[in-house]
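Each of the next two complexes has subunit A plus one more chain, namely subunit B in the first and subunit C in the second.
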Partner chain A sequence: MADDKDVLRDVWFGRIPACFTLNQDEVTEREAEPYYLLLPRVSYLTLVTDKVKKHFLKVMKTEDVEEMWCESEGTPLKWHYPIGVLFDLHASNTVLPWNITVHFKNFPDRDLLHCPSNSVIEAHFMSGIKEADALKHKSQVVNDMQKKDHKQLWMGLQNDKFDQFWAMNRKLMEYPTEDGGFRYIPFRIYLTMSDRPFVQRLFRPVSPEGNVHTLGNLLKEMYPAAIPNEGEPKQNQVVIHGIEPLLETPLQWLSEHLSHPDNFLHICVVPVPTD
Partner chain B sequence: MANWKNHVRAGLQQRDQTEKLPHVGVFTTLSQLEERFEIRKQILDDVQCNSSERNGVEAGKILHLQLRETEHLSEKLSQTLSDLTTVLYLKEAELQYWQSRVSQYRQEAHTLAKGNNTLKARREKDELLQRWMEEKREEADRMNKNNDAQERWQHLAKQMKKHLQQQEKEKSLLVDASH
Partner chain C sequence: MAAEDVASSHSMRTDSAGESKRSCGFVQPGGHGGSGDTWRRHIVRQLKNRDRNQSDSFQDLIHFYSRLLDKSSWTNGILSRRPLTDSSSVSSLLNQNDQLKKTTGELAFQVLELQQQIKIKLLVLDEQDSSLLAERRRFSGAFDVRQELQGRAVQVQEENGKLKMEYDVLLERQRGAETRLREEKVREEHMLEDMIHLKQQAAARMNSRNERRSRAREANLQKELQSAARSKVAIDSSSSAPTSRSTSPKNEHQDKSAEPRHTRLFRSASATSPRILTSIRELFNRKRRGHSVCSQEEDQMSPVGICLSARVPARALQVLEAHEQGINTVRFSSSSDLLATGGTDRVIKLWEVRAGSLTHRATLEGSTEGITCVDFDSAGSRILAASYDKSALLWRLDDSVPKLTLTGHSRKVTAARFSPLLHQVVTGSADRTIRLWDLHRAACVQVVDVASYCSDLVCSENFIISGHYDRKIRVWDTRAVSCVQELPAQGRVTSLDLSSDHRQLLSCCRDDCLQLVDLRRWSHERSSFRAEGFKCGSDSTKAVISPDGCFLAAGSADGSVYIWNLSSGSLETRLPDKHSSSISAVSWSPSGEYVVSVDKSRRAVLWSDI
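Moving on to the complex of A and B:
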């Protein structure tokens, strides 16, 4: 079970400073001031931008307002990805605060999912947890939980309550000692230069010979180009929660400590900045 | 501690040094100021509306404003209290969980110790039985040897007796012949 609590806390309380600006093409009654907000890395955009919406609605007419969506340097931001993943993928090499443009028109249906209410975010979050537990424990832990336990996980994330969330999430991180880890590691590898949204396959934390699998083993099998060839300059960065863990880091430990609240290990492979 | 773990810890701290810590102060202050501004604006609107008939009661306005602000502060404090109570409740639940784990492990240890004692007793019993069987076997061997020797002696005695009888018979025949 996850026991390095300081790492869990650092992961949970990761913050990204952001500056929200209203898109120039929006019709306003007076000039809209930008809105500054510290975004929790592990949360979702639509869950933490109520104040942003309220701020911009003050200068707009109701008839000019449709569903709000955000964009970073021309890329629509998928609310159903954790904020930290969006930042690491699209803006990790930009100057802080992160500039996000807010739109109330021309919703990009091809790129984004609609999010009419928080219950949609809750459903998405819970489906992530259930999928992860299906991989880790054949759904046994999540199915043994009661409705109120599921609610506790969601409320913990929604209200940014670390203790409330982890009191329950701890159960999802347990495994029989003799197994040496989960059945499969729930992970997603995001590639900026690929048409596929992400890579997700079955991968065990321990090899059939009993050797511990590492981050390097996973990448070698899923996306070998992420690992630099000997003697050649590094072309990609493998980023989790804004940091580059060593390739020899055991995957089981990463899954227990660096997973997002949805219990997935979100790994971003981004090109090394050229400047 | 493993190098990879130190690397993650240092990486997270380095990340926060760049992304979070330089901004957290100013962002929090800005958010608090904004909240305060919003409340004041709303309260002022209310007060202006209510006291429009009573011109020149500036002191009353200020008092009302202070009262509303205090009320707001009190609301926030009760929220904090409620949050802390929740944390306490969770910590208590966590403590109970760990206590139940400790009790479970103690029970397991007790069962194992008991099993161990039973196993030891059985082993001693087996050893005792083994030793007893060995002694019995040795005793049987000794008896067998004795019996064999006795049998041999009896056979010998019988033969000697027979031989003696034969000699006595021959002797008496010789005496008869001489007469």
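Moving on to the complex of A and C:
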């Protein structure tokens, strides 16, 4: 379990170095210096980029400022995805630090959601947790919680307090021993080449015959293309939290340990870099 | 939401992987190492790798960069302000310098002033310190004093507490004493009341007694008057009496001795018979009478005390209910003119015997129980009685209140006799002792323990003879107080009598037999007297010898008086019909003239030969 606890900590404290640069088109009084920052993988962009915004506002006239949005190599970054997912999806195979361009104009309403305040992030986060618990425990656990317990989960994430968050999150990760796992595993599979944003279906951690389902089982069921055929070179990477777990890893364990704070297991399937 | 279309189509590859997971305990993914845990170790390793590549190498760099950024922006701010100051002239600077110098001087002056002020303040402070010290010392002194005072206060409080306790104790005692005082007062009142009551009772009793006495005196007077009316006839009969059985006179010249010493004379003249002696005395008396110029009344009285020969009674002169209850004992005085009867009604009655009738003279009270025995002293001035109340009482004849009460016996006193030594009496009791009492000292001088209940006793000069229930008659030497002789009897001894010459002893026993022993010879020769019909009625039935020693008299249970002739040993006469119950005692007057018998039904009968 000591290893498992370490895994949880490593997941929580995972950081991505990022270099924020102001978009060339923005009107500035003088040249804006780039801003470097270590982004927590499990958090959300708009929650951690206050400093970035402040830095760039110094060189800008207030009348030119609109809602800030970020873009990586031409792709607008959806703030409602965890940062780690954004990175793994869009920049996992680029040179570090991750270059992010900051915009204050021309908000892409088609691609991004507006984020006027942190309460919007909180609502999004909590809805994720509730959906996940609906899958895991028919919402029993989360409904038994009090308002302050919900607040504790959110504050733990907002202030990067691992212990505070997990003191409560532990309850969401429990399951009856005789069932051998959750009712369904909450997961989302992100595909770079797909039109759909992600794949999400019902999937049990244990087969009707009593066999334990693995990551491989899941992918075979949901997206067989992610698994390389025998004898062929690998075409896709299955990335969770910036790592590629073995396909025989049990799905229940992954859900317990490698889920994001919103209790979903975010799996990114990205093509193997050509070079 | 994706539709639920989970099919159970697993590839062979994933199945094998699943099996390997199951074998290493998937349900609780523990930290135990194993070949199956490769996936876990892989993940840990990959995470470490990721962190090393992505964050660790950039961490410090980014940190320093942001600090540098902050600093550069700050310097930018400063640099942007500098050109404004540069534009001012040197003169203004010099001005400023001068001004500054001036202000420096002012400030220096101020510093000096302040320093002085500080010195002053310090001095003040020192003073205050010293005064504070003094105050503190005073305070400590005061504190000591206070503590001392507190100690004293505590002490005083303790003393007060003690005093309070003592006071409480005293209060309690006082209360107790008061209650006792109250009780005592109440008791005193009670006693006072009792005393008053007793005094009232005593006064009432005295009154009633006086009344009774005066009534008795009146009755006596009346009887005397009556007897005086009959006296003429009596004189004739009594004057003829002494001559009827007189023997020839002898020893006429033996006339020196005074009357009280007669008995002595008789005893010393032991050889002569009592009958002769009495006849001598009679003659002597007659001679004196002849020479004197006495009145008729005196003549009448004198012959009663002297007996030459006893006359066998023949008829009852008087029958009277003498007491209120049964009569136990009867006795003539030595001068024959007084008769005493004692009864169960606790009193002794004295009767004057005159002219063939009994006149009540006095009642002697004092005993709290019935009288068992009475005795006159030889002078006839005192009377002794034995009582059921365990005491013997002594009266003077002229006083109805007892002069002495002799207490000491533990059961009823059955016999009480004057000893020939005038100041001594002897008592016998049911407590199996015989006691000798000194009348001068009113105290018991000797106690003689006997083996048996003493029913009667008689006294002589040197010995005491007692009769007992164990069929023994014991003779005691009064000087050595030892049993000299034991004489057997046929039954329980009920009474003893000594003849006037102290030679013959009569005993009455429950075997209905009278026995006469000659004490002179100390022999066992004895003569028994029986009669048909004679029955000893009780354990205290008393029989007597006639004063001339010729007859025996005893009362029977059938109410008849039996008289035996001593010389012939046969029954002389029997006097029936006057008593209706068992006769308890008889007494023969020393003059030989009368016999009185008393019975259990209050009746007394005076017998004579006329």
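Observations on the model:
In the analysis below, the second predicted complex is superposed on the first by the 272 of 275 C-alpha atoms of A that agree within 3 Å, B and C clash if a C-alpha of one lies under 4 Å from a C-alpha of the other, contacts with A are read in each partner's own complex, and residues count from 1 in each chain.
In the analysis below, contacts are C-beta pairs under 8 Å (C-beta built on N, C-alpha and C of every residue); 3 or more make two chains touch, one makes a residue touch a chain.
Quantities reported herein were computed from a predicted structural model and do not represent experimental measurements.
When both complexes are superposed on subunit A, subunit B and subunit C end up clashing with one another. Ranked by how many residues of subunit A each touches, subunit B and subunit C are led by C. When both complexes are overlaid on chain A, the residue A:177 reaches subunit C alone and has no touch with subunit B. Legend: residue contacts after superposition of the two complexes on their common chain; A:58 is shown touching subunit C, with no touch to subunit B.
Look at A:163: by the touch rule set out above, it reaches subunit B but stays clear of subunit C.
In the overlay built on the shared chain, the residue A:252 is in contact with subunit C alone; subunit B does not reach it.
Shared-chain residue A:217: touches subunit C; no touch with subunit B. By the document's definition of touching, of the two partners only subunit C reaches A:204; subunit B does not.
Look at A:6: by the touch rule set out above, it reaches both subunit B and subunit C.
Once chain A of one complex is fitted onto chain A of the other, the partner contacts of A:38 extend to both subunit B and subunit C.
The residues of subunit A shared by its contacts with subunit B and with subunit C are 4, 6-7, 10-11, 13-17, 36-38, 96-97, 241-246, 248-250, 253, 258.
Put simply, subunit C touches subunit A in their complex at residues 1-11, 13-15, 17-22, 26-27, 29-31, 38-40, 42-44, 46-51, 53-55, 57-59, 61-62, 65-66, 69, 72-73.
By the touch criterion given at the top, residues 1-4, 6-7, 10-11, 13-17, 33, 35-38, 55, 58, 96-97, 177, 180, 199-204, 207-209, 211-214, 216-217, 220-221, 241-250, 252-253, 258 of subunit A touch subunit C in their complex. For subunit A in complex with subunit B, the touching residues are 4, 6-7, 10-11, 13-17, 36-38, 96-97, 161, 163-164, 167, 241-246, 248-250, 253, 257-258.
By the touch rule above, subunit B contacts subunit A in their complex via residues 3-5, 7-9, 11-16, 18-20, 22-24, 27-28, 30-31, 83, 86-87, 90-91, 93-94.
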